[in-house]
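Look for chain A in each of the two complexes below; its partner is chain B in the first and chain C in the second.
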Partner chain A sequence: MTSAKFRPRDVGPMVLVLAFVFVSIAPLLWMALAAFKPTADIIAIPPVWIPDFTYLQNFQDVLTQFWPFIVNSLIATVGATILALVLAVPTAFALVNHRFRGREALADWILSTRMMPPIAAAVPLFVIFRGAGLLDSLPGLIIAYAGFNLPFAVWMTMSFVRRVPKELIEAARLEGCTWWQVLTGVVLPLSKSGLAAVATFVFIFAWNEFMLALFLTTREAKTFPVVISSFIGTGRVYWEYIAAASVIQCLPPVLFTFFMQKHIVSGVTMGAVKD
Partner chain B sequence: MANIAMRAGAPQEAPRRAFIHSDRFQRTAFIAPTCIFLALLTIWPFIYSVYLSLHAVKLTAMKRAVFVGANNYINLLSDPLFLRAMVNTGMLAVTSITCEIVIAFVIAKAFVSLSHLKWLNGLRSLFMLPMMVTPLIVGMIFSYVFNPVLGIANYLLGGVGLGPVPWFGDTTAAMISILLINIWQWTPFMMLLIMAGLLSIRSDLYEAARVDGAKWHHVLTLLEIPSIKGIVLLGVILRIIDTLRFFDVVYVTTRGGPGDSTMVLTLYAYQQNFQFFQAGVGSAAAVIILVISMVITTFAVRLLRRIEND
Partner chain C sequence: MGQIKLENVVKSFGEFDVIRDVSLTINEGEYVVFVGPSGCGKSSLLRLITGLEDVSSGRVWIDGRDVTDVAPSERQLAMVFQSYALFPHLTVADNIGFGLRVSGRPKAEIREKVLTTARALALDPYLDRYPRQLSGGQRQRVAIGRAIVRAPTAFLFDEPLSNLDAALRVQMRLELIRLHDELKTTMIYVTHDQVEAMTMADRIVVLNAGKVEQFDTPIALYDAPANRFVAGFIGSPKMNFIEATAERGRRILTSAGAVEISNLKAPLSPGKVTFGIRPEHLGYDREAGLWKGTILVEEQLGSDAYFTVDVTALGTLTVRAVGERGYRRGDTIFLTPDPARSHLFAEDGRALTAPASNLSNSQQQSAAGSA
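Showing the complex of A and B:
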């Protein structure tokens, strides 16, 4: 059939790779299993290895009590993804296709803002948000998340826009299209899958965010991670909530990893490595 | 613009349309919103943080700021907790990144040598999971796994006659646990980069090396390391930047404790600002973190440009 045969000298590498995969997923699986156990089984030693998967009480409890915060997370994340892309796509397009002085410097500056640690902007952000009434509000979170993901979105979109053949763009220009028409008519349709990858990445980054939400929200706009962090504290630790909430919280990134795996290397290196 | 105003008569439409369709206008319209947004989010906060860092000011009473010069910086640099945070962050960066590279290289080599087994590729998404799942949840998972009473780690170690390990309960162990979590979470990242680098080496180069009778360490130092150097350096820079903003995992597992043993820079600045409301000291810490990342960033940008232009 194929040349894909297992050779004797593959045993060593195979053991190594399988051990690595096991170590990588075992802690995740262990938490996922706990989500299907009643509290007594979660904390039992010796452990209860295989739970009864029809026991869904933990999920039901978490969803009925905390669903508004999951909705908050979704709104903040989707809103930020849309806002970041709306701003990033035209910018990336112009930075790739227009020749003007300072173009590279501008692109570099945008990239360098990606490196800024959010804590450095924390107090100023908090103060403006307080002044503008954006504290503890979803629009506030959307603005913050979109902003912190904008450099990444611009830079990665640039790597996809660059792949659109220059001849197509020139031809469209010769026919008298405006740059806007070139963008919407030529570049967008050709880089759809790339843009989907950028959008998914921004979604995951915003979805996984915790620190900004921790000080920008207090009650109404709390995101799901902030709520989850309160399950562990000085008093009783709500392991059954933590386990079920962890599964819910990790569902989008895990699905994303399975469906978009070929874009991940390019995504985590901001497009420096091509997929 | 003056041009348009002067011709405010009948043929006004034409020049305005020409202006709107001009390259310069369209380009500005494409780029300006992003730049303004980013400036508001980076340049302005930087200036404001520097301003705050020179004042004694409470987050709860911002109007009553008193100028204190470099006092906050002086206090910060004589605060053992801040120095501890600096040392811990630096140590975490050096140790975890080194371990990540070594482990990642070995596993990447193993993976590449098995690349004729197509089904193995399906495993890629499995080992990528640690770096993709929510970092806060990573902290939660290890609070559970490393729990001294109900954790499975000590149970399994007990089964082979080891332990119990105090994990987060003792100053040395806590730092090592944090380090292990970091390595667990980020080795896959390094491995993906190294694999991309290794797979870009043309197979005839390996062939040539074999024909020339090169030993494995020749292949390693003369072929493999030069080929992956750039991409690994990029990975190192991104990981240093990550370590500077490392927060979520320590926030849920140790909160910087026991004592000051796992205090890191971002957690320190966060606590000063939002738990003790010391916006002056907290901003000074934030400025220091920012300066460190700016130095690293200049390298990063140059490097990314070079890779991009290759």
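Showing the complex of A and C:
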């Protein structure tokens, strides 16, 4: 800040910005506060602005009744993240470092599958999964999530693999490395930060995914977002559970991103080749 | 161990031929330099030998074995890259021992070999450091260490010194020559710097537009360039070229008078020719000589002076005057080519002259030294 001087003509934009921030943050704020209120306080008029933060009944109810679905969500998310990376990394490595007929077309085709709206795939996927016995199963969800994220994961990984200097790969090959050893010994350690970023994106997508889970699961493999939506019943809306569950739902991506951030360090490849 | 043979090697990228029908044999233990202007294909040729690029046609042989379809990892070659290509996530010790570890040698052996190599290259105090913590010269040494520790069939260097400053470059050049004397392993060295080529090589491959122009010892390239390209490329400052017309016998006619050529391979037949004379083989005088000119630029190096001389009828010529300090810009100067050291090239570039047989050995030595 070079100048903190107040200028009258800044008032207009400032008010606009504040209004925008308020509109954006209000629902979240409402949700976070409502999570600590009993039902009566949530709908009370005049509103109870500041709840009693020691009131944890909503969280306790949600966790005790619905914890298996949180576990489902976790398994599906972590599974999908791992599967997507396991498939995307060798794919991206091959697409970047091997010259073969149709390489670009293949890369473009992978990207193009991303352009299909998930809803378009939902019905065919349902039919296929029913045939394969994957409906309402966590492996099914993991496959679906990893599949939907693969194009993105491949392309993002490609951009990181491409940053590994070509000479390093050539040097490794001349030193006697097989392609697999080049990947595990040179490319992976040097794209760690990039892979952390890819993992973060896949994790957040899978954790927050709602629509596919709604289509493909019924009881056993139901994920937490689907459970949250079920709190809006025909007879009654369980605002207090929605609020508490939403707070819970928000936590893992925040924690995961925070944890991954430490790994997303720049300058890992410094000193590899000339400055 | 270490004979490398290329047989009618061609490399094309689409329509474009990068390497056009190259055949050459590099002998065991030889220090061969590939030199040429940028884009001549010298790095491509090196990469074809390593297998990092596949040949479009032709065969590559290493020690009598056809390796054309053999993966780079199986060719037992070591390469030092211009950018060093050190693994940034590994320490100096792990970088040097990388190849040994990949091939699954016992840990104790790796440690011992790494230590011996590091000592030889004065790297032992830095074994636990990472490449980013080293200076350019040290990184270069690590790259060399990684190459020599495996005792490969041949070493390949791709412009390894071009990222170093001038003083370090000279020092590393000497170290590489010493290293070759010690190891006696075949070395192929790619550079665009003809001084590096002349000083280091047993033999030099001069490449131009994907073709081998000449493959010979440094002295032979200097004394008897096979064609106009080699004549112009080897030697600094460059050889002077003068367009002329051949008459019959030994005479050629330049726009500034006739010149008798004494070292022709065969009598001339009439036609267009190019007369070539190196700056160090142009005699100069204030009073008399074949061509009269004016000094346009005087470049004084102390040991030598280079004069760019405007000879009205011929254009500008460069003269190298050893230790000369008496001339200034604007002075009149007379130039006379040394008839025994003249070169003549046919219209297609082919050399028509041979090195004069009366050149004594010592003269040849001094010519090499001044190159």
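Everything below uses one rule, namely that the second predicted complex is superposed on the first by the 229 of 275 C-alpha atoms of A that agree within 3 Å, B and C clash if a C-alpha of one lies under 4 Å from a C-alpha of the other, contacts with A are read in each partner's own complex, and residues count from 1 in each chain.
Everything below uses one rule, namely that contacts are C-beta pairs under 8 Å (C-beta built on N, C-alpha and C of every residue); 3 or more make two chains touch, one makes a residue touch a chain.
A quick note: this is a predicted structure, and the numbers were derived from the prediction, not measured.
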Partner chain in contact with A:13 - chain B first, chain C second, else both or neither: first
First, second, both or neither for A:203, with chain B first and chain C second: neither
Of chain C and chain B, partner touching more chain A residues: B
Which of chain B and chain C A:21 touches, first, second, both or neither: first
Chain B versus chain C as contact partner of A:167, first or second or both or neither: second
Touched partner set for A:232, first chain B, second chain C, both or neither: first
Partner chain(s) touched by A:178 [first = chain B, second = chain C, both, neither]: both
First (chain B), second (chain C), both or neither touched by A:121: first
First, second, both or neither for A:189, with chain B first and chain C second: second
Contact residues of chain A, present in both the chain B and the chain C interface: 178, 268-273
Residue ranges of chain A in contact with chain C within the complex: 165, 167-168, 170-178, 181, 185-186, 189-190, 268-274
Contact set on chain C toward chain A in their complex: 50, 52, 71-75, 77-79, 81-89, 98-99, 102-103, 130-134, 136, 139, 146, 150, 163
In the complex with chain A, residue positions of chain B that touch it: 21, 23, 26-27, 29-31, 33-35, 37-38, 40-42, 44-46, 48-49, 52, 59, 62, 106-107, 109-111, 113-114, 116-120, 123-137, 140-145, 149-150, 152, 155, 184, 188-189, 192-193, 196, 231, 234-235, 238, 241, 244-245, 247-248, 251-252, 265-266, 269-270, 273-274, 279, 282-283, 286-287, 289-290, 293-294, 296-298, 300-301, 304-305, 307-308
In the complex with chain B, residue positions of chain A that touch it: 2-6, 10, 12-14, 16-17, 20-21, 23-25, 27-28, 30-31, 34, 42-47, 87-88, 90-91, 93-95, 98, 100, 104, 106, 108, 110-113, 115-127, 146-148, 150-151, 154, 159, 178-180, 183, 204, 207-208, 210-211, 214-215, 225, 228-229, 232, 237, 239, 242-243, 246, 249-250, 253-254, 256-258, 261, 264-265, 268-273
